[in-house]
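Structures incoming, each one as structure tokens.
Next come two complexes built around chain A: one with chain B, the other with chain C.
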Partner chain A sequence: MKSISTDNTKYHIRRRINFVSCFFLLLLITIVFRAGYLQIWCASSLSEKAEKQYEKSLSFYGKRGVIYDRNLKKLADTLSITSIGAHPRQIKNKKTAAQRLAGVLSESQSVIYRKLSSPKPFVWIERKVSPAVSHNARTLKLNGIVFKTEHSRFYPNKTLAAQLIGFAGVDGTGLEGVEFAYNNVLQGGNGKLTFLKDGRGQRFESPNHDKQIKNGYKRELKNGNDLILTIDRNIQYITEKVLAETVKKHQAKSGMAIVMTPQTGEVLALTHYPAFNPHAFNRYDKTQWRNRIVTDPFEPGSTMKIFSAAAAIESGQCSPNTSFYCEKGSYRIGRNTIHDAGSHSFEWLTLHQIIKYSSNIGVVKVVEKIGKDVLYNTLIQFGFGQKTGIDCPSETSGTLAPASKWKTIDTAAIAFGQGIAVSAIQLVTATAAIANHGIMMKPYVVKAITGESGQLIQSFSPTIVRRVISETTARSVTEMMVSVVRKGGTGVNASTDGYFVCGKTGTAQKINPDGKYAKDRFIASFLGFAPAYNPRIALLISIDEPTKEGYYGGTVAAPAFRKITSETLDYLNVEPDTSGAIDSGLTASLNRGPQG
Partner chain B sequence: MPISHHIHSDIVLKRKHSGHYNVQLLIPMLLLIGIGIVMVYSASSTLAHEHFNGEYYFLKKQAFFAFIGIIVLIGFKNFPYTYFTYLTYPLIILSLVFITAIEIPGLGVEVNGASRWLNLGILTFQPAEFARFVLVIYLAYSMSKKENSIKSFSIGFLPHFILLVLFALLFLHQPDFGSIIIFGALTWIMLFVGGVPIMHLLSPLPFLSGLLFVLMNQKPYIIDRFMGFLDPWKYASDEGYQLVHSFMAFGSGGLFGAGFGQSYQKLFYLPEPHTDFIIAVIGEEMGFIGVIFIITLFVVILHGGIRIALRSDEPFGSLLAMGLTTALALQLFVNLGVALGLLPTKGLTLPFLSYGGTSLLISMASVGILLNIEEAAT
Partner chain C sequence: MKNKKVKSTNFKTTLIWTIIVSVLFAELFVYTWCRVQCTAIGYEIATVSDNYQELTALKNRLNIELETLKSPERIGEIAKQYYDLAPPAQEQIILIH
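== the complex of A and B ==
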């Protein structure tokens, strides 16, 4: 009985075991198919996905080049900062190592010992140490201690010429100014290292992996080249100091100034106030980074009159002595009425006097005489409406509509600097052309590129753009500009002890958001060169929205011109024209021109 | 009885006298253990080097477990398996004590948010592995004792189901959802083999569906795991992380593999490379060929186990042999199924191959018992 029952049970068990075995077989077949699907069918796409996560690339750059001023004073430099780290496993006697490191580092022995005892494969002991400290640590010659050098951009003069020089970002790439425009020159050779990383992001070696760059990590990278600028650090300093004083004194929004060598087009100083600190550029608004002298167009106002005068004389239709009726201070053109500044009600003025007293109506009359095409062509000759080609990024061409589109009122307005937008660099370049006997030079800020050991790689020589006006015309316009700073002229505050200087004032009304001219917001400027008959510098100073102690160009900008000119000519050792103050037209008319 | 059976029994009888060891079970088992030790070393050397001061840390421990395992195997081979009938209830109580002890602070070791290990001072121990072994013994014993009354719901089905529910409740608390599934599958297969009617086996379905619904609401991590399983690439940074890296390991290996020691996924990409996901490392280093080889070795072992179950003269031996084989098979299927993305993530080792003392000792003990059943089968 028992036996039969057992046999019966066994029979059932066997049947069911066989059934379960088939079920197992089915599962195994599924598993094998799945493995085959992943390992054969999907192999390439999966291994591609895997490859992507193993690879990590790092870019390395050689040391970024130095930016010098024209006298080889450093304006931007690259410092090598060393950080000290350790591979704890390679250090056998951690106690001794910690003790010896503590002798040269600022960290205490116990802190260093704790770091050296870390289970991690790499730890930082102390970051960004001074060169002396890293030197001392190196002389210990400890195994497992490594020195990692990082480059950091340093501007020794801090905010000096900040907008011109610009800055380089943390990765050592130039982002603004010369740093940006000449990034290719300054940036060292680059190397890209692709290595394999494990799941924690740490590097590992694999002899089988063909994508690894051989010796990429150790390769010496070429350092960047150096730049020598046309900027003179001292003139830049003088200019910035005077500009800052002027902006503060008149509680203006901002100011800009440029000093240029008229014969060459070299920019000696170029500044905007307020500046920013290139070491902490991120703390400043982006609008403060750009070099507004080059990038921003504005309505120049009366400084433009010298170019209208130049057009008149160059056309042959006027001489400095040609007289114009100035309508007693109020002149109607269509629906618009033009006034002369202040309470002036001139009657008859010569062209020379029109410039000296800055008569709007006078210069309108002059332009009516010569016609809009002559004015337009002369302005084009002077480079307005076009880029000067200066080697700074994002230059504006300004706005100058073609003469065919000018209405009568436009022609009148453009004659005294309204309805036209120019950049500061255009103004000073055009003025430099007058100073340079009518020949316009292309402005530039980089004089030369030199290599690592100081060898010259490329030098930039002055470039003639064109002859703009004849030498005679240039002489005549110069005389008019000289008279501006004489007694009775609008720019008398610009007259400089010991030198004949010349220039033109400008008091431009700013335009309100509604398109109309503001009654209380001005740009006060002074544009000129010095010494007048042997020019060494052409200079523009422009103060945006002065609110205190006057707003005229002659009141606000002219004194700044005097200070900059005086200090700069003194610095340049320019021999004075006379030993005393020049406060009347007498000396000049005796010595030089036909005009008082 | 069929004639072939008589012949077979004679051969077994002869071999028994000459101290025979079943090569069909032993050779593939030793191969798997050997490959396991080597692959555990490959998968763990970097981890061991950085965290345990020596790349051979896991290799040494696994080799030591294998050595102990051989002693255990020989011990069980010579231990008459029928004695387990007397040990069944003490073993059940012991396993319940172990599982409960996990809850005692200081004894339970928590890994990845789940307590599955028991700290016994010198070694940690996985009670679930032990309990699975005990469950097999209990089911084989209980069903063989009941014989024909197995067809009765209250005798043949209910007591076994109640013990399963008891285990399940304990595992739920840890939480160890995977063990519940494994125990359930094991119980069902054994009850089926033992002769429990299909209708009885299907009877808890409505109850289980309701339970599943409640579980999904109470343990949201189960749903997360399931989503990560369904679309691992979408959840590649969290729930699908393990699976995605397992896939990449298999795919990178291709047909022939990257070569021994050349797995990149084991370098902190693939979690648990030397335990739950060792097959992925094998797949990457040895390719599809290697995976097929491993599966083949298992097929040979499972076939050997099933043959012993078929050959055993009495129900207890037959059911015990089938139960032990089924436990190994389920562990294999679940481990491979998880690594290949066929099943949701579950921490379960691969028998003989994965690093882990409990798993290896239990698996080798199972083989020892199978050998003993074979020797007695005449």
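== the complex of A and C ==
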């Protein structure tokens, strides 16, 4: 009986065991199948889902490239600056957070609290803070407060070459100057920065993760390329300093100056006064941002006479010694009467003397002799009425009507620089052609483009545009320009101690809104190169509306030319001219005198 | 005699299982330790990487500061105001050939 009972019990126990075993076996099989299903069938979708949880991506702009001068001195660079933002929903105690943040930021507690109370998912608390402020804010370790790196453009030399370099906006896009013209080169790629984060949002690196993610970052962005300009920071400074002094001294409206290497067309300095601060460009009038040397045409006045003289000599119809009767200072053409400046009443002058004394009537007589077509063709050869092709934005072509439309008075006026509009870059490029034995070079401001690690991507070499005049003509015009700065010439104030220099003065009347020439508003200019017989620089200085201590080019602009030339040649280690000819009239201190 | 043989077999089995389980546990611990180390080093790398980024940014800022300090305008002002210097006149220049 007992045996039957025991067997029955054992049977029941075995059944229960089998039942439980089957249950666990089924459970195990289910788990295995589920695991297999998740690991094999759903692997890719689940991996993606997981990656989204521990990968974080931020949109970034690559760093904007650096702009260097010709000696690799930085003219513009990009700083990485921290901006502080917040995810308001993640902040539990907004009042305390605002109070603590107000202790380190410049914003008040109430302003920060208002921002933190925003219903938006993300708000900026303070953008582009200093490294110290960023560090102090980080030490608060507040939940929901984030620190984002942004780029900010910085110009170490502040206003230096501001109109040439231009500036970039908050989004890192070039808006003016070289920054605008070469925006595609300078601007970094717009990309994504991906990194891994843990449950607490801390960044970490995992060797098992995507191999593209190295050191915790997956970089998909490219920094911008760098630009090397032809500008020399020191020559730019010398020019800006002298220009500012001149404009202030003569209480002028504005001024501009450009220095170029005649043999290559490289622009060494390109200066405007008043300048503007590119860090705060919004505080300045938009007209101040413009690179007027390239964009603005103006009537050049008597500086144009050297090109009329070049036309006369190149045509073979005149030599520097050909004489012209200058009508004792008053010459009637139709209903118009032309006068010589400064109430001069010249009679017979050679072409050489016409340039030296800047006789309007004399140059009109020269042009009457050679004809308007010869003058027009020569001016076209010198590049007037066309863009020079300089790599700066918004270049003007100037205005030069076709010779067929010129009346007699137009031909006369154009011969001495009225009725024609040119840009400063056209004038200096044409003068550089005379300095370069008659060969015109294309002006340029960018020497090379280099990559992020300094490798050369593209270099720009000097480009010959054309031969404008023969070498003999160029030499003759140079001699005439030398005579301008000699005793008795209009530009004697430009003569520089120790160097032969040459040039031409210009005093152009400005046009009133009614279309007539103003009697009290002038542009005083001086255009030349130095040393005269082995030129290293061609220079134009133009002062707009000088009102004090004279208004003639010879009084206002010529002394500025002298200062810039002297300091620049000294800086370039150009050996002074020491031949005996210097005694014949170029020793500045002996010969300088008041001139118009 | 038979009991002794059974005891010996049980002991061997237990020993083998103990060794297997110990090895598995050891592997589990070593693997876990490696993972922990890996994660810790991951954090360290992330921190060092952050430091590197910060130091690079600082270097860039200092370079720009240096450029600002070396600007010709500042040097010119210092030369003029503190040291009373001026560009040399032509007669003050001696050429050495």
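Keep this in mind: the second predicted complex is superposed on the first by the 424 of 596 C-alpha atoms of A that agree within 3 Å, B and C clash if a C-alpha of one lies under 4 Å from a C-alpha of the other, contacts with A are read in each partner's own complex, and residues count from 1 in each chain.
Assume a residue touches a chain if its C-beta (ideal position, glycine included) is under 8 Å from a C-beta of that chain, and two chains touch if they have at least 3 such contacts.
No experiment lies behind these values; they were computed from the predicted model shown.
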Chain B versus chain C as contact partner of A:R34, first or second or both or neither: first
Partner chain(s) touched by A:S566 [first = chain B, second = chain C, both, neither]: second
Contact breadth on chain A, by residue count: chain C or chain B: B
Touching partner for A:S130 - first (chain B), second (chain C), both, neither: neither
Touching partner for A:F24 - first (chain B), second (chain C), both, neither: first
Partner chain in contact with A:S106 - chain B first, chain C second, else both or neither: neither
First (chain B), second (chain C), both or neither touched by A:T408: neither
Shared contact residues on chain A - chain B and chain C: 196, 204, 206
Chain A residues within the chain C interface of the complex: 73-74, 77, 79-80, 131, 149, 154, 156-158, 160, 196, 202-207, 215-217, 233-234, 237-238, 241, 497-498, 566-567, 570, 575-576
Partner chain B, residues of chain A touching it in the complex: 5-6, 9-10, 12-14, 16-21, 24, 27-28, 30-32, 34-36, 38-40, 42-47, 49-50, 53-54, 119, 121, 196, 198-200, 204, 206, 208
Chain C residues within the chain A interface of the complex: 38-39, 41-43, 45-46, 49-50, 57-58, 60-61, 63-64, 67-68, 70-73, 76, 87-90, 93, 95
List of chain B residues in touch with chain A within their complex: 46, 50-51, 147-148, 189, 192-195, 247-255, 258-259, 262, 264-265, 267-270, 283, 287-288, 291-292, 295, 299, 302, 306, 309-310, 313-315, 318-319, 322, 326, 329, 333, 336-337, 340-342
